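Here the structure comes first, spelled out in structure tokens, and everything after it is commentary.
As written, the chains take the letters A, B, C and D, and residue 1 is the first residue of each chain.
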Amino acid sequence: MTIRCAVVGATGIAGQQFLAALHKHPLFDVVRLAASARSAGKSYRQAITRPSGQVAWWDAPEALERFGDMEVVEGSSMSLEGVQLVFSAVESEPARDLESRYAEHVPVISTASAFRYEPDVPILIPAINGDHAKLISVQRERRGWKGFVVPVANCTTTGLAIALAPLHQHFGVDKVIVTSLQATSGAGRSPGVISQDIVDNVVPYISKEEAKVAKETRKILGTLQGELINPADIRVSATCTRVAVLDGHTEAVTCSLKKPASIAEVKAALRAFGKDINPHTHPSAPQDWIWVHDDPFRPQPRLDRDAQGGMCTSVGRVREDDVLGDNGVKFVLVSHNTKMGAAKGAILVAEDLKSRGLIA
Amino acid sequence: MTIRCAVVGATGIAGQQFLAALHKHPLFDVVRLAASARSAGKSYRQAITRPSGQVAWWDAPEALERFGDMEVVEGSSMSLEGVQLVFSAVESEPARDLESRYAEHVPVISTASAFRYEPDVPILIPAINGDHAKLISVQRERRGWKGFVVPVANCTTTGLAIALAPLHQHFGVDKVIVTSLQATSGAGRSPGVISQDIVDNVVPYISKEEAKVAKETRKILGTLQGELINPADIRVSATCTRVAVLDGHTEAVTCSLKKPASIAEVKAALRAFGKDINPHTHPSAPQDWIWVHDDPFRPQPRLDRDAQGGMCTSVGRVREDDVLGDNGVKFVLVSHNTKMGAAKGAILVAEDLKSRGLIA
Amino acid sequence: MTIRCAVVGATGIAGQQFLAALHKHPLFDVVRLAASARSAGKSYRQAITRPSGQVAWWDAPEALERFGDMEVVEGSSMSLEGVQLVFSAVESEPARDLESRYAEHVPVISTASAFRYEPDVPILIPAINGDHAKLISVQRERRGWKGFVVPVANCTTTGLAIALAPLHQHFGVDKVIVTSLQATSGAGRSPGVISQDIVDNVVPYISKEEAKVAKETRKILGTLQGELINPADIRVSATCTRVAVLDGHTEAVTCSLKKPASIAEVKAALRAFGKDINPHTHPSAPQDWIWVHDDPFRPQPRLDRDAQGGMCTSVGRVREDDVLGDNGVKFVLVSHNTKMGAAKGAILVAEDLKSRGLIA
Amino acid sequence: MTIRCAVVGATGIAGQQFLAALHKHPLFDVVRLAASARSAGKSYRQAITRPSGQVAWWDAPEALERFGDMEVVEGSSMSLEGVQLVFSAVESEPARDLESRYAEHVPVISTASAFRYEPDVPILIPAINGDHAKLISVQRERRGWKGFVVPVANCTTTGLAIALAPLHQHFGVDKVIVTSLQATSGAGRSPGVISQDIVDNVVPYISKEEAKVAKETRKILGTLQGELINPADIRVSATCTRVAVLDGHTEAVTCSLKKPASIAEVKAALRAFGKDINPHTHPSAPQDWIWVHDDPFRPQPRLDRDAQGGMCTSVGRVREDDVLGDNGVKFVLVSHNTKMGAAKGAILVAEDLKSRGLIA
């Protein structure tokens, strides 16, 4: 009794991550692939073949074998017949219209930012704010949709929100200053980051990213009050940079807390986080939502990004800070930006909503 | 009438940078090269040739042609006959003894950290704290030396102190949170950073670096009061990381100021800094001590590290911050770690001390 | 009395290299910049600014300051009024039409491949086949052009042809097997090579490149007989790969010779090559067309690509081979693909044709 | 009934690969770890911890958890009590003595080159020359050993010999010209390749590697005649380079054959190779010894090195060559240098010798 899904934006990097994660998923079955007009009518394999002949597939070959011959349809005219759920990996601009159209009929879980900042749309990370799913009924009623749209967070927000969540819950987070060292896969592949820009280099700016991180963190860590999410009273200041790393965002975080907490207490709170998520209903969930390293040379993106299927946030260098504000704590985290931070994170949200009876 | 210099630790990466910078210097003439016992008695070229036969020279060929046949002597027994000045690029541990021995007789300008934290030793950056040179007479008297030791700052401190100096001077710096993305050349080459550790990766820790940055920044920006340097009342919190960049440290800086300053005023202060340094007496000084970019994608280490001979600190993304404290400002800087941040910075200090009559 | 030039395709990577090389050139003066319709009417700086705001300029800032405010016109409708010479860096497809149109009126030196294989078009490398310039009069007569088109070779061919030329001249080259390890800049920047494809990787194929190398090498090393170039009787087998190097193609070459030659004779022939080129008439020419290294760890692209302004071909590891055929020789070369192998190589051709009175 | 093994040289990169591969192996059980005097008496985890505190472990954490607390003994004084088999990953120089000492008592499978060129020592790759194992009895008798030494091939030879084996068997290989683009892990980690040497670069030389490739290929593909291996009559010419790839050697191979073979026949021979190896007795063997790609952009080291546990040799770009000699064929291969090319290849040899009753 699997749920029949469509993947829209299937040819891009996030779309590929959806297929790689779904091709043997116990709960979801991909029955339709959609992309832009340019790909429509082609087999999936043809659709991802460049003019040069190169097959632009970046993951394990099994998923490509499974989906390579499936026809790709155009996202804007895709039939939802027989589709119970849409995973959307389209760009944010087309997402606005496309996802609205799908959501009239079926649930949509999206990696796009189009709906993230709407008041009736939760940004879900199950171990943090699963209860925000209650907003879905508000969204449906207000918009007259049979389905709904739930976006996941920006990939840089995801790791930060997960690491802050237990601190906020136990001690209250007041201020946050974060510098991200982001992987190139976060920019997608059309064209993504060209090597001329990033080899032997750092790019100190990622357009719009810093504002997203601040805004989304407050919303995700906020509390649902009636029909509204009351954003967490956390001030976030971000500097987002790009480094020559293929996958895995590294973030250097300094925060201050509302209540005193020893480093041991902070580590204990981090380690205990997410243990209430049921692995049977959430097969994509990591065993450890947060892995805390004591070795000061960890986490490193190449060594830690794939921990627990790319779904575990690795934290290290937890130490005191006496500059930012009261009860200061500093740490470094690594989070896989295209797995937990995008497609696999969206699948985890779908698992959560299925467990709540919101997808069926 | 050039000054006759010895370069000690001449075979390492900082040593090579000394030779590359000195081989056509108008004021200094290299008359002696010293290194460890392993190199003693060899020609410089032999001394830098690995067992595999590879000549481990990393800079332009001209300097190697100039010095390749010069004999290398052992640092610990080097004669100072005919030597008026020692540039030291030895490791910090041997530096303690070696530099003391040399300083009994002649001035020593050093890239090592051995003496940086002694109360009678200034850490000089000419445009910032040239007046701290007055401490040299205290040092001489206290230690009974005819010469003296002046170290330059840690390479990560250098760029930070330069960018903060005009802000501190005009507006007063209160708090600083900095994340560094450091180049691999900063770790030297014996063995330095191996590619297995850094390709497609970030290393989130550099041993002892963060404490150095905090302590040195306060000392450099401090004020000389009688026979003591009164450290600046600036609180600095650093996270130092290593990225896959060959040269050029990038630093994401957030600071708060004691007085209000508009972004335009901050940029103006940065741009005006160092203009009083005389290029005739200081041939290594950059025309612009700080170059301020308006393009948000700058500075980038590969594009900006070599600006003005690697002596210019490039600053960009200057913007407000409302999290750290009052009058918050954020920016990103790039500073060449082995040029301004090491050997060429030391030569610039020598030029400055010569202009003050302390080297002759 | 400088020659007034237009640079077409000025916004791409080869176009930028033209501007970087021409902004202080003693013989040529850039009076017009052209690019595609998308750039037309903008200032050069605007034309190279990405939607994100990033100014996509990759070279020293001086040339951008010189040309940043110059208006860019559309290549297809560019007026040739006041233009004495066109440097073309357009893609090969539009080059066919555009360069024909320009050549009706003025000389065109091009980095595009469009005309390379036409029988009345020489591929010029001055030290090798300057005499092929005689074909220009055939071309003019046959096509009824007042100007002409002269393309430079493919960037991978350039280094190979230069290294083979003295061997062919002295000993006769018979067979050549070459593996190239090409830099990413060779693919341009629209989109060029994305980091996801090349970091921690090798791409074993470059579309059409291998056939170009074989065909062009034979033509360049061929002899002019009447109105035709008789290709050299050299068999070339190439495998072209892409590696994570920003600039500088490395090529591992094995060849067999028609006459015996000791390694010392081979090195002597390489070192003597190109010494008859006059630096006064050819200011872009390197002092040494070929630099022969004895250190087996050289040449390396990062250390050697910029030798002599990026115009010198560095050769090392010259040794015997006893597998390919009689009188076998193996070596490794490095050649700067966007300097000698593209824009600066084209400027050198223009200098040569000027010295022959063909450009005035 | 597993075989009790010692791993000598356990702290290096090949040693770690042994542990990573053996910690859950069905046939072999690690009962002793040995390394140099510096590590002796420490726990394995302590032994691989750098002075900086960094735990220099590069593989999955499970194996480190399994062996981290095991004591490391000194290789030169290691007791063989209770040890049935030694896996040796020591450097070639100490290997000569150490492996002799062990082989007096027990079988030794080694990644070192010390014994590779001895006439009574086979270099085994099971699918190619398993019958060379007969030489072991000669070796035992001649040396008076109860055990024996069997080395695996150099990592660059391994992929080449595997790809050539089916061609040699079916069509006869005559001449081979190969250029390798080798990964940095091949140089180990003490110090290995430093980033300053390889980022944005190619190193055109690897000491002694080219001669090894030629000599070993002939021996491995040779035929056992009585008590001697008659080397294959194949002439091999290699150029070995290092590129900025972490794992996986790429090799561009041109060869000529003694009998005509169409490209289809060549591909069929490659694909059929190794199918007689029994996966039950050889659990480390890949399902496909050679995977042939039709996509010209493959193989790529990052995408293909880990295929089938790093034990599969990936071949692509199979095409005709008309330069090297009769019946020319060109292709590109990728082989994992520390898996099939070192530790896991050695384990596969042990599995093969166990299946032959030579290890028990």
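Please note the rule applied: a residue touches a chain if its C-beta (ideal position, glycine included) is under 8 Å from a C-beta of that chain, and two chains touch if they have at least 3 such contacts.
A quick note: this is a predicted structure, and the numbers were derived from the prediction, not measured.
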| item | value |
| --- | --- |
| Listed chain pair B-D, A-C or A-D that repeats interface B-C [over half of contact pairs the same by residue number] | A-D |
| Reference chain A; chain at largest CA-centroid distance | C |
| Computed distance of Cα centres, chain C from chain A, in Å | 46 |
| Intercentroid distance (Cα basis), chain B paired with chain A, Å | 42 |
| Sites on chain B at which at least two other chains make contact | 52-54, 58, 199-200, 205, 244, 246, 296-297, 303 |
| Complex contacts: residues of chain A adjacent to chain D | 52-55, 58, 199-200, 295-297, 303 |
| Chain B - residues contacting chain D, complex | 13, 52-54, 58, 184-185, 189-200, 205, 207, 244, 246 |
| List of chain C residues in touch with chain D within their complex | 175-177, 179, 181, 200-205, 235-237, 239, 241, 243-246, 250, 252, 254, 296-303, 316-317, 321-324, 328, 330, 332 |
